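After this come two complexes, each holding subunit A, first together with subunit B and then together with subunit C.
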Partner chain A sequence: MDQFARAPVDSVDGGVPQVGTAAKVFLKYGSILYINLKNQLAYVWDALGRAFFIVVILYIFVQLWTAVYASQGSAVIAGLSLAATIWYFLVAEMIELGKFRHDVRISSEVKDGSIAYALVRPYHYLVYHFFNGLGETVMRMGLVLGFGLPVALYYGGVPPIQWATVPLVLLVLGLALLLDFIMASAIGLLAFVTEETASFRLIYQKLIFILGGLLLPLDFLPDWLQGPARILPFGLVTYAPAKLLVAFDMTQCLQVLGLQAVWITALGTGLLLQYNWAVRRLAVNGG
Partner chain B sequence: MQPIDQFHTDMNPESARAQMPNRAPGTGALAVEARFVRALIGMNLASAMEYRASFLTQIVFMFVNNGIYFVFWLLFFERFGNVGGYVIHDVYLLFAVVAMGFGLGTLLAGNTGQRLAYLIAQGRLDYYLVLPRPVLLHVLFSHMTVASFGDVAFGLLALGFSGYHAPVELGFYGLAVVAVALIYTGYMTLAGSLAFFFGNAEYVSAQLNMAMLTFSLYPHGLFGGGARLLLYTLLPASFIGSVPVALIQARSLGLLAGLWGVALVSCAVGAIVFAYGLRRYESGSALNVNV
Partner chain C sequence: MQSEIVHDIEIAVPAVGDVPAVGAEEYDAHETAVRVRGLRKVFQVKHKAPGLRGSLAALWQTQTQTVLAVEDVNFAMRKGEMLAFIGPNGAGKSTTIKMLTGILYPSGGAATVLGYTPWQERRQLAYHIGSVFGQKPQLWYHLPAEDTFQLFARIYELDMVQFRRRRGFLVEAFQLHDLLNIPVRKLSLGQRMKCEIAASLLHGPRIVFLDEPTIGLDVIAKQQIREAIRTLNQEEGTTIFLTSHDTGDMESLCDRVVIINHGRVIFDAGMAELKRRYLRRKVIEVHFADGDASLGDGVGSRAEATAFAMPGVSVLQQDAFGMRLAFDSYRVPVDSVLQAVIATRPCTDITVTDPPLEEAIRRIYSE
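Coming up: the complex of A and B.
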């Protein structure tokens, strides 16, 4: 696939000399995203099979939360109705099941040495991976949404979404994916030190499950845990986009955007330092 | 209990065979096969423990993995009290049963489900076919999922929290989890054997595995109608979760007998489908090395 990725990049550099540098960069990484998306469409049956699991998960959540709302005798719990909760879980699962596993790809490239080939290509290694993964993420999220939609519509009815706020939620979602990419890439690059990174991935995934609001919206957590969970980056990846879509609140949205900016800056700087250190440490032998 | 675990070790059954005692005159065939299986398990264990750090890491992280779901239920019950007729102690027992049953199954007979489908699709049964041992038994017990030690340990911890410590309850628990392990192994043998008929069945068997585990870890009372029927038939998750829990709580010999009946049927169906599928098996020309 990497060989194909070169073609549009070269054509951009050589064929459109009049466009500015920023446009060239945009076209280059846009082409990477587009090619990965096309690659995924070639294996659409495989992706369809993977996406189908959302039906099982969502069905179980619907049964669980229907029982909870019935037992509590309340139409709204912590500001969320049953319908909003069902749609919340669809969006949260869409993010979790749809997002690209950057750590797996990067650690694999570190372990088998193929990172050496990627580094000599005319793109930034990390930016390439972000856009490459984005193509697959878009398609997988679309499929998960496609499978989950009938279940959510059947049990939750029409989604309680304020359509005018969708662009803001999409911005939060985009930053959430960037934040996830930063944390996952940092885990992947740990392969330079530990070689095996599966255990770190497992811990990160489980933090997303609990502190990220995948199994339980943060609003349902006990007070002592809600505070830290709202500030930590895990909730900004999963909980924030899902909650804002089904129960938008401008104050919360601004808080989320601010926190995302802070975490992206802090963790992004850390990732760049880690990357620069790792690249200096890389030793390539012929063969 | 990770649906698709990435921690596997293989062993060479030849080594195990070398350690097997010769058949003593008058010894039954069943005893010989039992010794063979025991030797395979012993070699799997020795192989896994060769890499101590990896061995311990996998176990600890599987333990942590299961612990997160535990945390979820703790937070859940702290907030909502009870659900589907279950309180927190019922969930402890549910985890004790599922983690131990699933752990025993994948620990001892690790070549089921997705791995079995892979072996079939890749033509890797050739190795087993030329050796004078029952093919299915040999294949199933030639792999140990090391991380499942974490499941087994977690099952014991959950049992400790559950409060079901009376000797009779422990007896019911022991018999129930062995039946659960057999049901799971039989079902996942069937799932993996689908590769004989569909070619690539890795993904289907992985999905069935995930669905079985996911449904088994939720209170049975949540599901009704068609879903409940499904959980007792095509996707028998109730038999590895809620039924064993109910029989331990009720100390019901009738339910225990029924669960063992299901276990035997599950193993028989798995073995029959594998044997039938084996007739359709086509070898490949790829060179495979068993390490």
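Coming up: the complex of A and C.
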């Protein structure tokens, strides 16, 4: 492809600088989060209905685990008390029910071609989606917590939380959401090749369910499964924040942060490569 | 009435090659808004035979079909120009726009928009261009347009003083006074479209790509949008790249037309040139002065007695009150027809009309 000589771009009245300062970039992605939060208020009844589901789930878990602890005849299983287990499930379900379904959104944008229109704006498509989803995630997790808290307090009592460790747990939670975003987006972008991504989504959900600690805290798994589950990224999304909140352990926390950093770097690089490849071969449906 | 097709007039239409191709001219680099040379886009489309057997076969061996969406497009645009970029469905319009806005990578050729290569410098270019895809809303549906405006102010990194001044200008130009604080879902289509277009102009783009901006709108909304676009072009020198199937949009806005079909530019000239070349069929409507007086005494015979006839002119309709004639103004000069009409009988009114622009475009498409 031959190139033309570049003509200078006139400065524009009411125009824009080409290079965004850090503050402007922060405001840019922050405002994406903010508008999504505002938008969520339009769907507040839907969100409330979904969040109310936590009451049912948590009640069932409480009955189940009360019976399990009673049959074992011990107050602690694999280092977790019944109260800690109840609070563990509240946090794990909060993440699972609250997190934004990036795979669904991105694959539908790929399929109907609307991914194209996001490309004419001066932001990165993936960063846009992360912050867009974060607005919704924060809102939904807040609602789930709101409904789940009374149930957990009633059956589990005051949570066994060391409050000084909460900031570290929030950091783990933030990285967990980023890791989930990376994996879910990669599934969404698969739509470029496979058209339909529902099966990959199902596999991912099941992996989170079993290896991610949504069914059982990883501590309850048999040893042969616990080893890999602690290293794989799925447990870093759901298990790690929930476990660290109810039974904080500094060694485990540092291990988790290290593993999160490694997986985010590795899978994030993969996602960027996949994205750049996909955008190059973008063919707009209906265009 | 005007779009009536006259079968008995054979109009000689110049071959497309005869039309001067303005786009081939080179503008000075500072003058150029868009330059496109040999642009080409090939899509690989999966091909599958119908039925279960076809689906099963496709599992083993995917057959791809090559679709040539844009074959070889060449043109240039001056800064401040208003260009209509038109063509039948599937001609390659949208694909071309998507390459010029950086959405699609071309398969070959070169293009610059404001000096940027769109697909390589997409995000830098994004600050300087605006785009409206009529069928693809960008406003947040459940929120008032003002919320999207503020989001865009942040996305395009405007400072708040610039933003407010700009918003004030657009509110005036598009008459959005009461609309910005109503949730978008409660606006009419016309109101929403005005907000959509205004939103894409907030960052003061130097060039705006409008893809079917008035689709589905009523006459008044269309008129308001056209006027606002014209204001923008006149006051700020914004370059306008318009695709539309609405000839009204083109006629009221654009001074130049580029027509593409089968992925190639088949016509590129001024709007006046297009009309002169392709809209040569004139229709003359005549009202006779003594029409009423002659009503009582055998209208039929009298009309026959004075039946109008002239070589190259077909009589569409004639009675005691008047007549309608059609002819090719390229072969029969308008003044000679008028003289002949006046010579027949005294007239109270004579109207000469051009056929609609659609007719010219239909001719070009069908070539």
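Here is the rule we use: the second predicted complex is superposed on the first by the 263 of 287 C-alpha atoms of A that agree within 3 Å, B and C clash if a C-alpha of one lies under 4 Å from a C-alpha of the other, contacts with A are read in each partner's own complex, and residues count from 1 in each chain.
What we mean here is this: a contact is a pair of C-beta atoms (placed from the backbone, for glycine too) under 8 Å apart; a residue touches a chain by one contact, two chains touch by 3 or more.
In this text, all values refer to a predicted model and were calculated from it rather than measured experimentally.
S.K.: Looking at A:Met250, would you say it contacts subunit B, subunit C, both, or neither? Reply first, second, both or neither.
M.R.: neither
S.K.: Which of the two partners, first being subunit B and second being subunit C, lies in contact with A:Pro122: first, second, both, or neither?
M.R.: In the superposition, A:Pro122 touches subunit C alone.
S.K.: For A:Val193, decide between first (touching subunit B), second (touching subunit C), both and neither.
M.R.: Once the two structures are laid over each other on A, A:Val193 reaches no partner at all.
S.K.: Could you tell me if A:Lys28 is touching subunit B, subunit C, both of them or neither one (first, second, both, neither)?
M.R.: second
S.K.: Taking the superposition on A as described, I'd like to know which of subunit B and subunit C A:Val262 touches: first, second, both or neither.
M.R.: neither
S.K.: A:Ser114 contacts which: subunit B (first), subunit C (second), both, neither?
M.R.: So A:Ser114 only meets subunit C here.
S.K.: Identify which of subunit B and subunit C touches the larger number of residues of subunit A.
M.R.: With both complexes superposed on chain A, more residues of subunit A are touched by C.
S.K.: Check the residue A:Arg280 against both partner chains and state whether it touches subunit B (first), subunit C (second), both, or neither.
M.R.: Second partner only.
S.K.: Spell out the residues on subunit A that touch subunit B in their complex, using ranges where they run on.
M.R.: 46, 49-50, 52-53, 56-57, 59-60, 63-64, 67-68, 71-72, 196, 198-199, 202-203, 206, 209-210, 215-216, 220-222, 225
S.K.: Touching subunit A in the complex: which residues of subunit C?
M.R.: Against subunit A, the touching part of subunit C is residues 29-30, 32, 35, 37, 43-45, 94-95, 98, 101-106, 108-110, 112, 114-117, 122-124, 126-129, 131, 133, 136, 138, 140, 142-143, 147-148, 150-151, 154-158, 162, 165-166, 183, 203-206, 236.
S.K.: What does subunit A use to touch subunit C in their complex?
M.R.: Result: residues 1-10, 12-18, 20, 24, 27-28, 30-32, 35, 38-39, 42-43, 114, 116-117, 119-124, 280-284, 287 of subunit A touch subunit C.
S.K.: Write out the stretch or stretches of subunit B touching subunit A in their complex.
M.R.: Going through subunit B, the ones touching subunit A are 6-7, 54, 57, 61, 64-65, 68, 71-72, 75-76, 78-84, 203-204, 207, 210-211, 214-215, 218, 221-223, 227.
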